[in-house]
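Each of the next two complexes has chain A plus one more chain, namely chain B in the first and chain C in the second.
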Partner chain A sequence: MLSPLLLLPLLAILILNLPFRSLMQKLAVWVGVGLSLWQIVAVVLLAMGHKSADPWGKFFTLGLSCDNLTLVLLTSIGIVVLTTILVGWQTIGGDKQRFGFMNLVFVAMIGMNGTVMLTDLFSLYIFIEVTAVASFILIAFQRDTNALEGAFKYIILSATATVMMLLSISIILLVVGDTSFAAAGSAVRQFQGNPLVILAVGIFMCGLLIKGGVVPFHGWLPAAYSAAPAAASVLLAGIATKTSGIYALIRLTTSVFANNESLNNILLLAGAISILVGAFAAIGQSDFKKMLAYSSISQVGYIILALGCGTNLAIIGAIFHLFNHSIFKSLLFVNSAAVETQSGTTDMNKLGGLGTKMPVTNATSMIAFLSTAGVPPLAGFWSKLIIVVALWQNGLHAYATIAVLASVLTLAYLLLMQRKVFFGKLADGLANVKEAGWGITSAATILAAITVSVGILFPWMFNSVLIPISSFLK
Partner chain B sequence: MTDSFILLPIAIPFIAGIVVLLINQRIQSVKEAITLLATGATLVLTITFCKENINLTIPWTGFGIDFALRLYHFSAFILVAASAFSFLFVLYSCSFMRNKPYLNQFYSYLLITLAMTNGAVLADNLVLMLFFWEGLLLTLFGMIAIGRPGAFKTAIKAFIIVGISDLCLMMGIGLAGHLAGTFTISKISLSVDSLGALAFILMMIGAISKAGSVPFHTWIPDAAVDAPLPFMAFLPASLEKLLGIYLLARISLDMFKLTAGSWISILLMTIGAITILLAVMMALVQKDYKRLLSYHAVSQVGYMILGIGTCLPVGIIGGLFHMINHALYKSCLFLTGGAVEKQTGTTDLAKLGGIAMKMPVTFVCFVIAAASISGVPPFNGFFSKELVYDAALERGMVFYLAAILGTFLTAASFLKLGHAAFLGKRSEHNENVKEASLPMLVPMVVIAAVCVVFGVWNYLPLDNLIKPILGAEHLEGLHMAPNTMLITVTVIVLIGALLHHLFAAKVNGSGYKASDHIRHAPFLEGIYTKAEKRWFDPYDIVLKIIQGISRFGWWIDRAIDWLYDDFAVRVTTGLSCVIKLAHTGSYSMYVVWSLIGVLFVVIMLMKSF
Partner chain C sequence: MTINIILNIILGVTLVLAAAWTVMTARLLRSVIGLAITSVILTIIMFRLNSPLAAVFELSVCAGLISAIFISCISLTQRLTDEQAAEKQKERFSKFWLLPVILVLAGVALYQLPITLDFHLPAAPTETDVRNIIWNLRHLDLVGQIVILLAGAFGVVALFKD
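Here is the complex of A and B:
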C-alpha cells in the first residue's frame, strides 16, 4: 500500500508526457485531483489498519515504513496538493504552462511522500532534494526578476543545507557504515561526546532548519514565498517546506538525535526567536503574501518550540500544529491567490473593502486568521493550547508566556491584514472585482471546513486520534 | 365571601394598569374610565371587607417564603385609605392630565402603584412585602421620568436614593428573618439587642426613607418641580407616607419589642426632630408653590417618626393619626397647587397673587388644609400634633421644643404661601383666571371636608381606626385628656406666627417676601446659600465623591490605555522596523546569518559534552 504512493505519481508523470500532448494537457488536472484524493483515501485505509499486500514492494528495497506521524503528514500532503491543483487550475493561464505546473506538483508530491515514508538518512536527503528541485522551478515559474531572485536565494541557501546534510551523512556513514535511522540513532548514542558525531548531528539539524525556514536560517523564505505563483505558494508554505524541514526534524530528533538537553535548548531558543521575529516582521509588512510568509516563520516557531520541549504531549502538540498549520496557512495563501487573481495586486495598501465583493474569500479568510491566532473553538486554538500546556507542565514558564503573548501579535497582524484587505471602504479601482472562480472558492471552503470541524470535534479527537499519534515515540 | 377575595385589591388595579398601558395613546376617555372604574372598584371592595380578619397563604417559592396575605384592622385601614386617595386623584387627573404626554404610562403606573401598595400592606411575609415594595420603586421611577423634559435626572436620583434604602430594607429583612427563623411578619418577635438592633435600623431606614425623612428626602423637592403634579399628591404626600409609617409602626410595635428606654427610641426621636426642623427651615424660604409644599411633606414626617419613636401609646397614636391627617391635608394642598398651576399656568409665587376671589373654592380648601397642617384648632392636624407634643414632652423637653418650633415655622410658611399665592395684589397676568373644573374641585372639597370631620369629631378616627392598631395591652393606662397647658402654648405660638407674619410682610413689603429676613439673617444666610447650591444634599455629596473616585479611575485607565495603545504599539512598530531593516534582501547576508547559526549550534552542542 505504501509504494504506490511513490509509484503512482511517477507513473502519472511518465504517461502524461507520452505523445497525444493536447489530450494529456487536458487530462493532467484530473489526474492530479484523482491522485491526491486517492492518497487521502489510502491514508484512511491505512489508518483503519488495512494492510493489503504490497505487490510492488518486493521490487524495491527502499525500506518504506508507515507510522502515525507518517499518516498525519500523508493526509496533509494529500489535502494541500489537492488545494494546489485546484488553485493552479484556476490561476495558471495557458494549457502548456498549466501542464508544466501539474508535472512539477507531481514531482514535489513524490518527493514529499518519499520524505515522510523513508527510514534512512540518505534516502531522506534524496527525497528532500527532489522536493527542493521541484520547488526551485515552481518559485521561478513566472520567470520575472522577482521570481528568479526568490528562486536563486532558495537555491543558494538550499545548497548550503545540502552540503551540510551530505557532510553529516558521510560522517555517520564513516562511523557506523549504515545510514538507516536505527543504525544512525544507535551510533549517536554509542559515540556520545565524540566531536565528529556531534558535528554531524549539529550540521544535519542546521540543514533541516534552513529547509524549514527557522530564524536565523530563514533568509530565503519571504522572497521565495512571495515571488512564487499563487498556487505554488500554497504548496510551498502549506506543506513542502514543512515536510522537508520540520517533519524531518521531528523524525530525526525523536529517533536519531539523542534526546539531550542542549539540543532541546537550541530548539527552544530557535523556536522562540522564530515566533517573535516572524511576528514582528509580519506586522511591518504591506504585502499580503510577504506577511503570510513571515507568519509562516512565526508559526513554525511554535512547532520547533514544542519539539524543543520534548515531552510526549509537546510532540503531539507539535504534530497537531503542523497539521493545522498546513490547513490554515494553505487557506490564507488560497485567499491571497483569490485576491491576487481578482484584483491584480497583493499590496495591502492598495486593497480594501473586498469583503462584500468576495464573500467566500472574506469568510474563509476570517476563519483562517482566527484559527492561526488561536481563537477557540477553531483548530489552531487547540494545538497552541496543547503546546502551551506542555511547556508549562515541563517548567518552561518563560517560553510558555512567549507563546501566549505572541498569539496576540499574530492576532494583531492578521487582523490588520483582514481589515486592510476585506473590511472598510472599497479601495479605488476595485469596483469591478468579483468573487474568485469555483476552483479557488471550493478549495477555500474545504480547508475552512476542515479547520472548523477539527476545532469543534477536538474534544472527541483528543483521545482517539491525537494521543495515539505518540505511539511512534519509543 | 371566600378568603381569596383579598387578592382582588392587588389583582384589579394591576390588570387594569396593564390594560391601560396597551390601549392606544389617543383614546383618553377610555383610559380614564378604566382607571376610575378600577380604583373605584378597589375602593368599594376594600370598604366591604374592611371589618374582616382574613389570613390567606399560598405556597410560593419555598424556603419559608409563602405568598401570605393578612387582612386585619391596620392593613384594612391603609387599604381603604390608599384606594380612596387613588380614586380621588384619578378623578382629579382626568381634568389635570388631559392632553398631557405619556398619559397611558401615567395611569398605568398609578394603577400598578396602587396594586403594589395594597400588596405590600397586605403581605404577611417579609420577602413578599419586599417584592411589592420593589415594584413601587419601578413605578416611582416611571412616574417621575414622564414629567417635564429633564425629569429623567430627578427620576434617577429618586431611583438611586430609594433603591439604596430599599437595599438596606432588604438586608434588614434578611437579618430579621435569620434571627427570627421565619419570614412571616405576624410570627416575628425580636428584641433590639446587638444584631436585632442592626436589623431594626436597616428596616427602619427602608421605612423612613419611603416616608421621606431626612436624609433620604432630597429627591422629593426636585420631583415636585419635575414630575406631574398628581404624582406628588399621590406618592410623596399620601401613599408613601401611609406605607412608610405603616412599616415603621409594624416593625416597632409588632416585630421588635421597642421600649421607651432604648437608645433606638432616642435615635428615632432625634431623626424625627431633625427632620421637622431642617425641612421646615428649607420650606420657609421657598419661592415656588410646589417646592414649598414638598419640603413640608418631608417636615411633617418628622412628627410621625417623633410620635412613634417616643414608644408611648399617646405618641404612637399621635404619630399614626398624624400619618392619616398628613395624607389628607398634604394631598389637598398639592391638589390646590395643581388647580392654581392649571388655571394660571405657573406655580412661581412671584407671579401669583390675588386670585382668592377668582378661585374661591380652591382658596377655601387651601385655607382648611393649611390651617390643618399648621395645627390650628379645630382641624385634624391640631389634634394629632397635640398627642405628639404630649408624648414628646414626657420624653424630653428638647423634642417638644423642636416640635413646637416646627409648628411655628410651618404656620409662618403657610401664612406666607397663602398670602403670596391667593391674597395681595393681583398681577395683570392673572386677570382672567377662572375657578378650576369640577373633577378637580370634587377631590379637594372631599378631602378638605374629611380634614374638618377628623378634626371636629376626632374621636371617630381615633377610636375606630387608630386605637385598635395598638391593641389592648398598649392602651392600658392611656390618658388622652386634653392638656390645657399644651393647648395654650400651641395657641400662643400660632398667634405669634400670625403676628410675625403680619409684621414681616409689612417690613419686607409683601407677603411674598415675608420670610426674607430669615433667609438673609446673619448666620442663616450662608447656610441657605450653600443649601440652595446643594452643598448639604447627601446625594450630591456622594455623587461628588464618586466623581472624584471615577476621575482617579479615569487617570489609571488612561495610563493603562497608553500602555496598550501607545507604548505597546510603539515598541512593536519599533521592533518591526528593526527587523525589517535587517532583512535587506541580500542573499549573501542571509547565508552569513545561516552560517553564524550553524556555528552557534555546533558550539552549543560541543560545549555540552
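Here is the complex of A and C:
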C-alpha cells in the first residue's frame, strides 16, 4: 500500500509524457484529481488497518514505513494537492502551461510522500531536495521579475540548508557508519556530549529551520509565497514547506535527536520569536499574499514552540496544528487566488467591498481567519488550546502567555485583511467583479468544510484520533 | 612539519582560492574553468582520503560532465565586452573580498576548538561494492534521483522553452 503512493505519481508522469500529447495534456488534471483522491482513500484504509500485498515488492525494496504521524501528513498532502490542482485548473491558462504545472505538482507530490514515509537520513535529504527543486520551478513559473527574485532567494537559502544537512549527515555517517533513523538515533544518544555530534544535530536543525521558514531563517518565505502563481502558493504555503521543514523537524526531534534541554530551549525561543515577528510583520503588510506569508511564519512558530515543550501532549498539539495549518492556510491562499484572479490585484489598498460580489470567497475566508486566530469552535482553536495547555502544564507560563497574546494579534491583522478586502464600500473599478469559478470555489468549500468539521468533531477526535497519534513517540 | 601536512595545506588553500575565483570572476567561461579546477583539487583530496570511488565520481561528473553542460549553455549567451567585464570584476571584488578572509578565519577558529574525534566506530559496513549499494541497497534514493532529473527536465521546459 505504501510504495504505490510514491510510484503511482511517477508512473503517471511517465505515461502523461508519452506521445498523444494533446490528449495527455487534457487528461493531466483528471489524473491529478484521481491521484490525490486515491491518496486520501489509501490513508483511510491504512488507518483502518487494511494491508495489501505490495505489487512492486518483487522489483523494489524501498524500505518505507508508516505510523500515525505519517498518516496525518499523507492526508494533508492529498487534500492540499487536490485543492492545488483545482485552483491550477482555473488559474493557469493554456493547455501547455497547465500541463507543465501539473507535472511539477506530481513531482512535488512524490517528494512530499517520500519525505514522510522514509526512515533514512540520506533518503530524507534526497526527497526534501525533490520537493525543493519542484518548488523553485513552481515559484519562478510566471517568469516575471518578482517570480525570479522569489525563486532565487529560495534557491540560495535552500542550498545553504542543503549544505548544512549534508555536512550533518556526513558527520553522523562518520560516527555510526549508517544513516538510518534508528542507527543515527542510537549514535546521537551514545555520543550526546560530544561537540562534533552537537555540531551535527545543530546544523541539521538549522537546515530544517531554513526549509521551514522559521525566524531568523525566514527571509526567503514572503518573497517566494507572494511571487509564486496562485495555485503554487497554495501548495507551498499549505504543505510543501511544512513537509520539508516542519515535518522533518518533528520526526527527527522525536526519533533521532535525543530529547535534551538545550535543544528544547532553542526550539522554544525560535518558536516564540517566530510567532511574534510573523504576527507583527503581518500587521504592516498591504499585500494580501505577503500578509498570509508572514502569518504562516507566525503559525509555524506555534508548532515549533510545542515541539520545544517536548511533552506528549505538546507533540500531539504540534501535529494537530500542523494539519490544521495546512488546511486553513491553504484556504486563505485559495481565497487570495480567487481575489487575484477576479480583481487582478492583491494590493489590499486597492480592494474593498468584495463580500457581496464574492459571497463564497468571503464566507470561507471568514472561516479560515477565525480558525487561524484560534476562535472556537473551529479547528485552529483546539490545536492552539492543546499547545497552550501543554506549555502551562510544563511550567512554561511565559511562552503560554505569548502564544495566547499572539492569537489576539492574529485576530487583529486578519480582521484588518477581511475588512479591507471584503467589507465596506466597493472599491473603484471592481463593479464588474464576479465570484471566482467553480474550481476555486469548490477548493475553498472543501477546505472550509474540513476546518469546520474538525472543529465540531474535536471532542470525539481527541480520544479516537489525536491521542493515538502519539503512539509513534517512544 | 611533514610533507603530508604541507601537501594538505597547499591543497586546502588552492581549493579555497579556486572556489573564490569561481564566484568572483566576471566571465562565465572563466568561472566554469574555476569550478573544474576546484573539482580536480577535491578529487585529489578524496584520493588522498582513500575514497577512490567518490573521487572518480567527482572527476567524471563534476569536473567533466557538468563543465561540458555549462560550456554548451554559455556558448548560447552573449560575451561581455572587456570594459563591462572589468567593471563587474571590480564591483564584485569590492563587495566580496572579505568572504574568503572570513572563510579562512572560520577554519582557523574551528581548528582551535576542542573537538574530539575519539569515537568508538562500529565495524565498517560490510558492503563496499558501490554498484551493489546503488542498484540493490538504495532503491528509494534511486527513485528520488530519477524524479529530480525529471523535475530538472520539466523546469527547462517550463522556464526556458519559449
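A few comments on the model shown:
Everything below uses one rule, namely that the second predicted complex is superposed on the first by the 473 of 474 C-alpha atoms of A that agree within 3 Å, B and C clash if a C-alpha of one lies under 4 Å from a C-alpha of the other, contacts with A are read in each partner's own complex, and residues count from 1 in each chain.
Going forward, a contact is a pair of C-beta atoms (placed from the backbone, for glycine too) under 8 Å apart; a residue touches a chain by one contact, two chains touch by 3 or more.
As the structure is a computational prediction, the values presented were derived from the model and not from experiment.
When both complexes are overlaid on chain A, the residue A:137 reaches chain C alone and has no touch with chain B.
Within the superposed three-chain model, A:266 lies in touch with chain B and out of touch with chain C [touch as defined at top]. In the superposed model, A:38 makes contact with neither chain B nor chain C.
By the document's definition of touching, of the two partners only chain C reaches A:123; chain B does not.
Of the two partner chains, chain C is the only one touched by A:177; chain B is not.
When the shared chain is aligned, chain B and chain C each come close enough to touch A:195. Touch criterion met: A:7 reaches chain C, while chain B stays clear of it. In the superposition on chain A, the residues of chain A contacted by chain B and by chain C overlap at 195, 199. Interface residues of chain A facing chain B in the complex, by the touch rule stated above, are 152-153, 156-157, 160, 164, 192-193, 195, 198-199, 201-203, 205-206, 209-210, 216-217, 219-220, 222-223, 260-263, 265-266, 277, 280-281, 283-285, 409, 412.
Per the touch definition, chain B reaches chain A in the complex via residues 572-573, 575-577, 579-580, 583, 585, 587, 589-591, 593-598, 600-602, 604-609. Contacts from chain C toward chain A in the complex involve residues 113-117, 119, 121-125, 138-141, 143-148, 150-152, 154-155, 157-159.
Residue ranges on chain A touching chain C, taken from their complex, read 6-7, 10, 13, 60-64, 100-101, 103-104, 107, 110-111, 114, 118, 120, 122-123, 126-127, 129-130, 133-134, 136-137, 140-141, 143, 174-178, 191, 194-196, 199.
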